[in-house]
Amino acid sequence: MNDIDPTGAVADWWATGISRMEPGVIELRGRPVQDLIGTTGLTPMIWLMLRGDLPTARQAALLEAALVAAVDHGPQAPSIAIARMAATCGVGLNNAVASAVNTLGDAHGGAGEQCVRLLDAVLQREATGLDLRTAAERTIADWPRYLPGFGHRFHPRDPRRDPLLALVEDAVRDGVVPGRHLRAGKSLEALLAEGRDKPVPMNIDGATAIIYAELGFPAPLARGLFVLSRSIGILAHAWEETQSGQRNKGPIPRTVLPTHRP
Amino acid sequence: MNDIDPTGAVADWWATGISRMEPGVIELRGRPVQDLIGTTGLTPMIWLMLRGDLPTARQAALLEAALVAAVDHGPQAPSIAIARMAATCGVGLNNAVASAVNTLGDAHGGAGEQCVRLLDAVLQREATGLDLRTAAERTIADWPRYLPGFGHRFHPRDPRRDPLLALVEDAVRDGVVPGRHLRAGKSLEALLAEGRDKPVPMNIDGATAIIYAELGFPAPLARGLFVLSRSIGILAHAWEETQSGQRNKGPIPRTVLPTHRP
Amino acid sequence: MNDIDPTGAVADWWATGISRMEPGVIELRGRPVQDLIGTTGLTPMIWLMLRGDLPTARQAALLEAALVAAVDHGPQAPSIAIARMAATCGVGLNNAVASAVNTLGDAHGGAGEQCVRLLDAVLQREATGLDLRTAAERTIADWPRYLPGFGHRFHPRDPRRDPLLALVEDAVRDGVVPGRHLRAGKSLEALLAEGRDKPVPMNIDGATAIIYAELGFPAPLARGLFVLSRSIGILAHAWEETQSGQRNKGPIPRTVLPTHRP
Amino acid sequence: MNDIDPTGAVADWWATGISRMEPGVIELRGRPVQDLIGTTGLTPMIWLMLRGDLPTARQAALLEAALVAAVDHGPQAPSIAIARMAATCGVGLNNAVASAVNTLGDAHGGAGEQCVRLLDAVLQREATGLDLRTAAERTIADWPRYLPGFGHRFHPRDPRRDPLLALVEDAVRDGVVPGRHLRAGKSLEALLAEGRDKPVPMNIDGATAIIYAELGFPAPLARGLFVLSRSIGILAHAWEETQSGQRNKGPIPRTVLPTHRP
């Protein structure tokens, strides 16, 4: 409150629990920034900023594995291609990253958020007294379209699934996380494999959704955390393309003209 | 000013000459919105919002021609490809348009802004007493890199040049615009054609820069107006792609894997 | 097809009905660009790009009125504030416009798209044999949350409603549009006024949704067209702020510090 | 190469050294992703993706300190305010982050990139045989406007300066980094303090620029790394605002109307 804000309503309009600023003072979640610099890792910092407390070392390690796993999936991912093209258009790296991150929507990485909701739905049914298998069956039957977090257009078996699930299993064993979402996810995966020539194994969105949910992150943050993770690959590709010196890179070699199909 | 803003400093922080809002009242550049609806065309509205007054019919027609000319250049333009890919990622049309518009930077349409500066530079030299040809020669000699607004990677002669310049010439003849930037642009073009097997004719950025500058828009608005124009093509392509139902469209057919070049 | 694309699959990946490009050739919806420049207005161009044909003069006038009506709602609209702040951060006008357009989501102008769906839902119920009033009542009863296109937080009565609806009524009377969505919208509005001290009149999203739907645009393009319209106000505000010379404009005067509320 | 890309030109158009994808295979900088998950921290992963090799533990720690220091500066920073407003507009967290990251331009964090160039300029002058003080003086004299990385509008002394510089000094002492950019930065800071009532101490952009440059990152990546860092605060604020349930948050309390200043 000061003379131009005597009621405090203007300051309150921007009230936040995340940061406190005064001249010479920066506190993040109640901690002076100078106490965080040099003592706190980047992944614990992400946790602190999103949740207000610091993770244990094991919680941080599990979160970090999920973040590392999803950094990149090459230029065939629309976000990566967009970052590379944008970087050739005479805009800053911040702009190239923004155009790309912007596309991490429901169909491009947003599946993690939906998968957390799917796992929650299974657990909620189970909590009504059903056995897990039946809960999973009914959830699948009611799910509107394809199941988020399972199957991959490109990988018959996503190479990130096994190491991520192994880490979750270790964490469950050691009491780091409860293991409920892991059970739900594996139950769904088992059902999707039954009686099929071609199983539909869990993909990166599914495996990271389990980790985020086990660690207590709400569904929308599965998308939010993916954004932080993929930003790394997006930046790396934008930078590589910047160094090529190309201008106005289109999606295909210049001599190929898009088909006109009236 | 009210009890939470007794000094008016908060209201003043967002002071604007463009719009005035009160409950039940919307005024744009001093005109009640209900007086504009049904009486004012879209192009005059653009002029009004950017400049504060309404154009004459001839000014509006010239501006409109420039806006129409630049709406689209097909999916080989990064902005258009980005709009189409973004539209398949499970985000809204507003997001797809944003990711694309964001890339209309210095190397992708931003040349219009630079070309206005180039034309201004020629005219400033001429104003020192040089003849136009010499002013243009010296400006070319001093320009740091390639000349914005001239030459096109794809079109030997940009099909939008002639009709746009014809409209400017008509407007000069009828006293609608002064014709100074047109003279500067044609002088540069003539110099770039001299003694070359392959001339470097004016492109869309050059022709629209002349129109915007003749109408009195400052250089940064050459980029701004291009943004409004190209947004139309961007939206059309995003919408066409949306209707395809494709998800996560990459830049090249799925079976082609990007080369790994360590 | 050429030697690097012998099957045509690469050209086909980017097939489009909107544009055809060859060196020296630009065709938009089958029309050479040079035939459009100087003959076609900006609003007819929007229609052409989105739909493939040109509107009649009366159709274009109705569309234009809707586009003009929504260009701006002042700096209290998040999109406008964002454009102004972005413009002070050392990015281009294209970037400032993109950050702003990006926020025209479900809760900020996206209501137009939802309102078209609402109107369609009323008409579909009516088509089952119900009278319009009953169809509207049941649609309201089933609608999940508040009704999109009705009521305004700020305006007791949106000043854009009456002139827009008057134009639709004229167009219905003259056979320009069928009038079905107008009837549905007015029926909803009447129901929302019954037995209330404070009616909930149609707002800009409702009035423009009626226009877009009457003209045959599908629901997602109600959002798309709003994006084109609001881009004009966004650009005007970004440009005004640019001229202020301010750097890193925050949301409130600098001396007011956001409240810390742990 | 396959039948639709017999020359390999299409695959080559998207060639990259960052990632290699095949069905069942994801390699990042030549390392199978499954070998990185659970073994590699997030900060080393950023280094790997941007540079192709892994940092030593001390290099990673120094980079991590810089990344942690810049995550947030509260809602008075335009990027943070934009993230919060965007999050209330009915778009995804990815979109809110994108609108915000997009504004980290030349005037908002981009100073880090400019500061690396400034430090390089000092060192290049010194390399011509000048003493450091003279090199710094001449660089200041020639710099077009205010010096990037020094002074802060809000903090008389940026609380992040001391802990960051202390870490660099430790790293120099232990041979982790050469210390040249640190010397240049401190030389500039000393000159800016001389004979002034009010010194202009190094700010966060300056201190992190020294770290990035000491670690061998080129100037544009100072901006890129800041984008990754600030994305964390941006996400945290977008998420906090999402939880408020507010819709269409404007920049100031609703009852305050922006001043109209024609």
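Chains here go by letter, A, B, C and D, matching the order in which they are written, and residues are numbered from 1 within each.
The working rule: a contact is a pair of C-beta atoms (placed from the backbone, for glycine too) under 8 Å apart; a residue touches a chain by one contact, two chains touch by 3 or more.
Since the model is a prediction, treat every value here as computed from it, not as a measurement.
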Any chance you could check whether A-C or B-C wins on number of contacting C-beta pairs? B-C
Over half of interface residue numbers shared between chain A and chain D means same, under half means different, so which is it? same
By Cα centroid distance, the chain farthest from chain D is C
Approximately how many whole Å separate the CA-defined centres of chain A and chain B? 37
Could you grab the centroid distance between chain B and chain C? Build each centroid from C-alpha atoms only and quote it in angstrom. 21
What is the distance in Å between the mean C-alpha positions of chain A and chain C? 31
Name the residues of chain A that each touch 2 or more other chains. 4-5, 9-10, 13-14, 16-17, 19-21, 74-76, 81, 91-92, 94-95, 98-99, 102-106, 110, 154, 251-253, 256-258
Write out the stretch or stretches of chain A touching chain C in their complex. 2, 4-5, 8, 10-17, 19-22, 27, 30, 91-92, 94-95, 98-99, 102, 251-253, 255-262
Mind listing the chain B positions that touch chain A in their complex? 3-7, 9-10, 74-79, 81-82, 85-86, 88-91, 95-96, 98-100, 102-108, 110, 153-154, 247-252, 254, 257-258
Touching residues on chain D, where the partner in the complex is chain A: 9-10, 13-14, 16-21, 23-26, 28, 32-34, 36-38, 40-43, 45-46, 49-50, 61, 64-65, 67-69, 71-76, 81, 84, 92-95, 97-99, 101-106, 109-110, 154-157, 159-160, 162-164, 166-167, 220-221, 223-224, 227-228, 231-233, 235-240, 242, 252-253, 256
